[in-house]
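Dropping the structures in below, format is structure tokens.
Shared chain: subunit A. Partners: subunit B in the first complex, subunit C in the second.
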Partner chain A sequence: MMATLSRALRSPRLIIALGMVFCIAFCAIFAGWIAPHDPGEQNLLSILTPPAWADGGDPNFPLGTDSLGRCVLSRLIYGARTAMLVALFASLGAMIIGTILAHISGYFGGAVDWVIGRLVDVWMSFPPVILSLILMVGLGVGLDRVILAIVLVDWTRFCRVLRSEVLIVRRHDYVAAARLLGFTHWQTITREVLPATLPLLITLVSLEMAIAVVVEAILSFVGLGVGADQPAWGQMIADARQYVYQSPSNLLLPIFAIFLTVTAFNLLGDGLRRTLDVRLAVTGR
Partner chain B sequence: MIAVVLKLIVHRLLAAVPILLVVSALLFCVLRLLPVDPAAMSLPPNATIVEIEAKRRDMGLDRPLPQQYLIWLRGALHGDFGRSIALRREAGSLVAATLPATIQLAVAAMVIAAALGVGGGLLLFHLRDTLFETIADLTSIALLSIPEFLWGLILLFVFGVVLDLLPFTGAVAPGLPQPQITGFLLLDSLLAGRFDVFVSACRHLILPAAALGLAFSPAIMRVLRSSLFDVYHEDYIAQARLRGLSESRILLRHALKNAALPTLTLAGVQFGILFSGTLLVEVIYSYPGMGNLMVDAVRNVDLPLIQAIGLTYCVVVLLINTAVDSLYVVLNPKLRVQ
Partner chain C sequence: MLALKAKDLEVSARIDGDIVPAIRALSFDLAPGKILGLVGESGAGKSMVGRTIAQLLPPGFAVTAGSLLFEGEDLVQMASARRRALLGRAIAFIPQAPMTAFNPVMSIGAQFDEHLARFGEADGKARRARAVAMLEAARLPRAADLLRQYPHQLSGGMCQRVLIAMAFASNPRLVIADEPTTALDVTLHPPILRLIADMQREHRTAVIFITHDLRLAAQFCDDVTVMYAGRAVESGAARAVLSAPAHPYTRCLQLANPTMRAKRRALYVIPDQMPSLRQLKVMRGCHFAPRCPLVVEECRRAEPVSTALGAGRSAACFQAAVSERIDAREPAPVMAHASTPPVLQVEGLQKTYTMGGTLFGGVHSVTAVQKASFSIAENEFVAMVGESGSGKSTIAKMLVGLEQPSAGRIVLNGEDLTGRSLRGGMRRAAAVQMVFQDPQSALNPRRRVASIVTQAMEAGSRHASRDERLVRTRELLAEVGLPADFAGRLPSQLSGGQRQRVNVARALCNIPKVLVADEIVSGLDVSIQAQLLNLLARLRAELGFAMLLISHDLSVVRHLCSRVLVMYRGEIVEAGDVETVFANPQHPHTRALLGSVPPDEPEASWSALASAAPPGITP
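And then the complex of A and B:
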């Protein structure tokens, strides 16, 4: 444990990734204090103003305003809150469902394994974008609906990958030993199998967060996301796409925000994979 | 060998049938749970309740759900997917009209992704153990972080708006005719002898295809690099080196061939995902394919159309996966043993 921790602290990409995630999370949590304006506040007298340093910029709106005169900086900061909420809860939800089914499937095998395996097959034969769009038609817009849709689409990622890991862990002698000691199946899974799959699980969660941020942006871009009253990066992009000639920075800023967040989570996942996986930690590749 | 491959294809297609049945049933149930009434939606707003009831009976909406599904399934098997409520046309013919454009885009994107992926993978491997390795490695992770959705917007911005080099709306310049022979615009324009239409269609295809290709190339790049690393541990590489072959010959003639197999598997899986990725790129570039039709259908809650398009995406992805599996058997002699 300590060895893993010290290895983690020596990995520069993990430190950078954690720093980036921390900054974005800070914006998300303290949005109310950092943002100069209310994200929904419209100033119809100053619409599509450029950033403060450009010609015609207004120091009141550091990064300019959008087509309804709303402060772009404030919307970016509140957008981070939306993105982080979705990333956190959607990946946790998908993790819980996927992990439970993967452990049941891999541990017990047989008919249970077959049924869960076929369920994953059917689910995965739906392209994720198509499935999430169809689910959003059924669920309607809203932050909780977006989270639910992502959970319902992405639990298969966890299930499929973790199941094969459980299959490997289950064959270890210490698992058999636990059973011989009189552990129930539940105890064996939670105390012996789950801790062994945990490193992979943590890595998958951080990669899933990156996916959730993108999916939320996509759904908001198409207009089936968190709803019009909640600022989201995807919405900002859809709005700026129409005024791209008048105000190019409005398009670039949310794109950059999404890129930064997704990179942070991917880098975190990659760094965690390298530090937590003993085999990879030795060779460094 | 052909017999083995054919057997595999038949086997895979048979295995796909139950999956498709379940998928279509799921699709049907999810969409029927909606609090919308397709009967009321397909009538003018001033229709009376009696008229709506008659329409409901006519559409079979008063029957139990499994029966409704069977009615729909029977129609679908005969190529009848119902009528689009918003566009008032056969859903099947709407899909057939837009599918070629989407296939064209996906194939162009796959070619770009493969070219960039193989080139980049070789470059990444070539840079191993140099100062650039970490930089190249981090760059490829950063590139992996850009989904097709963002590539689409970035390319649109840089090449469409700032540099004004390429068009970024539609499939062809407005005013030009679109010959309809096979449905594939690039092919049709050549068949019709309209070279100007062909050039315009190509120019319109570049940005959307490049956006998709760029999004899917880093994965290919990284798998190729890591399988090259694996291959380089093999004895035959050491042996080739002892024979005095040049490094580039070892890489291109000996290592690449053997590293190609895992890369191809991934590329195949990627092609399935890439196909559904066309949806967003089509929306961003207003490209008249199935993805745009889908988003419109979703916005209008046009149930028959959503069902038809959703099922089409699933069928195409299943077909792609079957094709990739068969190709894999053709290329990997170890799998040909029965």
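And then the complex of A and C:
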């Protein structure tokens, strides 16, 4: 454990990623204190003002305003809250469903494995974006619906990758030994198999967070994401699209925010994989 | 001219910035047509010699002094183009693991052809004829058909024959055989060795034969060099060295090996284990001194140089003159006999696997175990022997409940265990335990030793307190002879022998009635094996459990067990008293197994190696 920690602290990739994630999470949590304005507050007298440093900028609105005169910086900060909530809960939800099914499937094998495997096959044959759009049409808009849609689409990703890891761990004699010592199946899975698949699990969660951010942006962009009253980066892009020639920064800033967040989570996933995976740790980078 | 001459060879490794010699002052002469045995336990540096010849040293290792002359040319100084021209042509290799030595996606013929083309045979027809001739010389039937087959279609023994044929196809002057039979079934050892010996005689090839088996070296080699911690401790004519060893290490190794014919005795235990390179860095004096029973003050101060003892023999020891003094003094452990009532009874046990059974393919079944019946008395050690695939492990799995039998009964203390009830499972967990073969895979790398050995105490609804478990850990570690401070270690911080002790301790936690041990000493070195065998004998006397020992090593079986069951193709073909069965085997397979063990006495001739095999017969 200590060895893993010290290895983690020596990885620059992981430190940069953690720093970025921490900054975004800080914005999301303390949005109410940091944001200069209410994200929904409209100033119809100053619409489409450029950023404060440009000609005609207003120091009241550091990154300018949008077509309804709402503060772009505040909307970006509150958008981070939406993005992080979706990333966190959607990836955890997908993880829980996928992990449980993967362990049942890989541990017991046989008919159970076959049924779960085919279910994943069928599920994955739907295009993910179309499936989530259809789900959103059925479920209606809202933060919780977005999370549910992402969970329902992406649990297969966890299930398939983890199942193969469970199959490898299952083959070790210590799993059989635990059964011989009188462990129940549940005990064997939670105390012998799960600790071995945990590093991969953590890595997958981190990568799934990046995917969830992108999917949430797509859904908000087409207006099937969180409600119109809640600021989201996808929505901001959609709004700025019509005025792209008047104020390009309104379009570029939320894109940049998405880019930063996704990069942070991907770096985090890669860094975690390198530090947690025993096989990679032994052979070096 | 000598085929190979090593002169003060030194190979060093870079460890934490320091240069530590892994092989030191190694000298030997190998004349054409002779077989030199390099003998020692793992870590002694014997495989490193082969790697030095091929210049395939692991990263961080390099030759730092001395020379290695192949027919007068130094392999160390040689330009790499010249060495490449020699390797595979004048110097050939026979690998340890035949199944993995082939490219699985190329046919045998294509790989043989590629090998022959490398040394300049341009004509494809001639290459094919040569390949067929070599395979026939290796006593492989239907050689022409074999060339069209792929490695996975061949058995391990056939793969090794093909590799031997390839090695000798270029008429090499030197062949390095690194444990060529270790990965194969025991019954295949004599024919493979005989093949190497015949080929070697025919081509007048010099052979370096790397092995851990002293008895085999005595039979197979002309000369031997015994290695310990990177140093040649003793060398000379094979039979002379092994019938009257001068170095205490050779003597100890012999006494640590269980015998096939001599009176049963306690095994000599060499304490501790061979020093690692890291330990060698700070070691002074003779490297065997910490484990040597004859150690004197002088040994710890200076390292003895190799001194001639006459008739081509030499040993590096101050005490060489008195090494005969070493002897295993303890009396043989008392054997329990089957007079006590049986604790475990197996009646008509059968296991059939059904394969296929897809939508279109037909179902066919394979019988792994057929009508096996036997019983084990209280405190009795019963052995089960047979080649791989004979159903030994399947029986073990059925006994402990990892597999369900297709038919038959397992009765433990008069209670039928065959049912699938959970309570039956719990009772079985308490009474029948298993020690696994590979301690690497059998110990969870994330649990500490204390948590592993008392794992049974967290099973089911048992919730033992921390203190209870700590107390039991201390008892168990003491029983298997490990220091109490090992409780906090992870399996990766243990050596192979220590891991196997933890493995045994875990099985003993619930004080089982029957222990099923699947090849538990096969991966271990002789000195570590002796420690573990003596431990099992002591634990039997102290704890009074019975054991089913699955093994391929008949001398281990004879040492530890009173009865033996011989398995062949899923059936128990012979059963009885170990001494009776070994003295007068009835079934041909039992005879084959017994014939594949080299004799205890180096002077005795080994009939399996001497007799020429009738042509066209391959086991």
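The rule we apply is simple: the second predicted complex is superposed on the first by the 281 of 285 C-alpha atoms of A that agree within 3 Å, B and C clash if a C-alpha of one lies under 4 Å from a C-alpha of the other, contacts with A are read in each partner's own complex, and residues count from 1 in each chain.
We adopt the following convention: contacts are C-beta pairs under 8 Å (C-beta built on N, C-alpha and C of every residue); 3 or more make two chains touch, one makes a residue touch a chain.
Nothing here was measured: the structure is a model prediction, and the numbers come from that model.
Student: With both structures lined up on subunit A, is it a clash or a fit for subunit B and subunit C?
Tutor: Overlaying the two complexes on subunit A (C-alpha atoms) leaves subunit C and subunit B fitting together cleanly.
Student: Is A:178 touching the first partner subunit B, the second partner subunit C, both, or neither of them?
Tutor: In the superposed model, A:178 contacts subunit C only, not subunit B.
Student: Should A:48 be classified as contacting the first partner (subunit B), the second (subunit C), both, or neither?
Tutor: The answer is neither, since A:48 touches no partner chain.
Student: Tell me which partner A:222 touches in the superposition: subunit B (first), subunit C (second), both or neither.
Tutor: First partner only.
Student: Just subunit B (first), just subunit C (second), both, or neither: which does A:187 touch?
Tutor: The answer is second: A:187 touches subunit C but not subunit B.
Student: Looking at A:255 after the superposition, I want to know if it touches subunit B, subunit C, both of them or none. Which is it: first, second, both, neither?
Tutor: first
Student: Consider the C-alpha centres of subunit B and subunit C from the C-alpha centre of subunit A, and write down the angle between them to the nearest 10 degrees.
Tutor: 90
Student: Applying the document's definition of touch, where does A:34 land relative to subunit B and subunit C: first, second, both, or neither?
Tutor: Neither subunit B nor subunit C is touched by A:34.
Student: Is A:195 touching anything from subunit B or subunit C once the two structures are fitted on A? First, second, both or neither.
Tutor: In the superposition, A:195 touches subunit C alone.
Student: According to the stated criteria, A:92 is in contact with first (subunit B), second (subunit C), both, or neither; which is it?
Tutor: In the superposition, A:92 touches no partner, neither subunit B nor subunit C.
Student: In the superposed arrangement, does subunit B or subunit C reach more residues of subunit A?
Tutor: When the residues of subunit A touched by each partner are counted, B comes out ahead.
Student: Please give the least Cα distance, whole angstrom, that subunit B and subunit C reach in the superposed model.
Tutor: 6
Student: Can you give me the overlap between the subunit B contact set and the subunit C contact set on subunit A?
Tutor: none
Student: Within the complex, which stretch of subunit A touches subunit C?
Tutor: Interface residues on subunit A, with respect to subunit C: 171-174, 176-184, 187, 191-192, 195-196, 278.
Student: Write out the stretch or stretches of subunit A touching subunit B in their complex.
Tutor: Result: residues 13, 121-122, 125-130, 133-138, 210, 214, 217-218, 221-224, 237, 241, 244-245, 248, 251-252, 255, 258-259, 262-263, 266-267, 270, 285 of subunit A touch subunit B.
Student: What part of subunit C is in contact with subunit A in the complex they form?
Tutor: Going by the criterion above, the answer is residues 400-402, 425-426, 429-430, 433-434, 436-438, 441-446, 455-456, 458-460, 462, 506, 509-510.
Student: Under the stated contact criterion, what part of subunit B meets subunit A in this complex?
Tutor: 19-20, 22-23, 26-27, 30-31, 33-34, 138, 141-142, 144-147, 149-150, 153-154, 156-157, 161-162, 226, 229, 272-273, 275-277, 279-280, 283-284, 294-295, 298-299, 301, 306, 309-310, 313-314, 317-318
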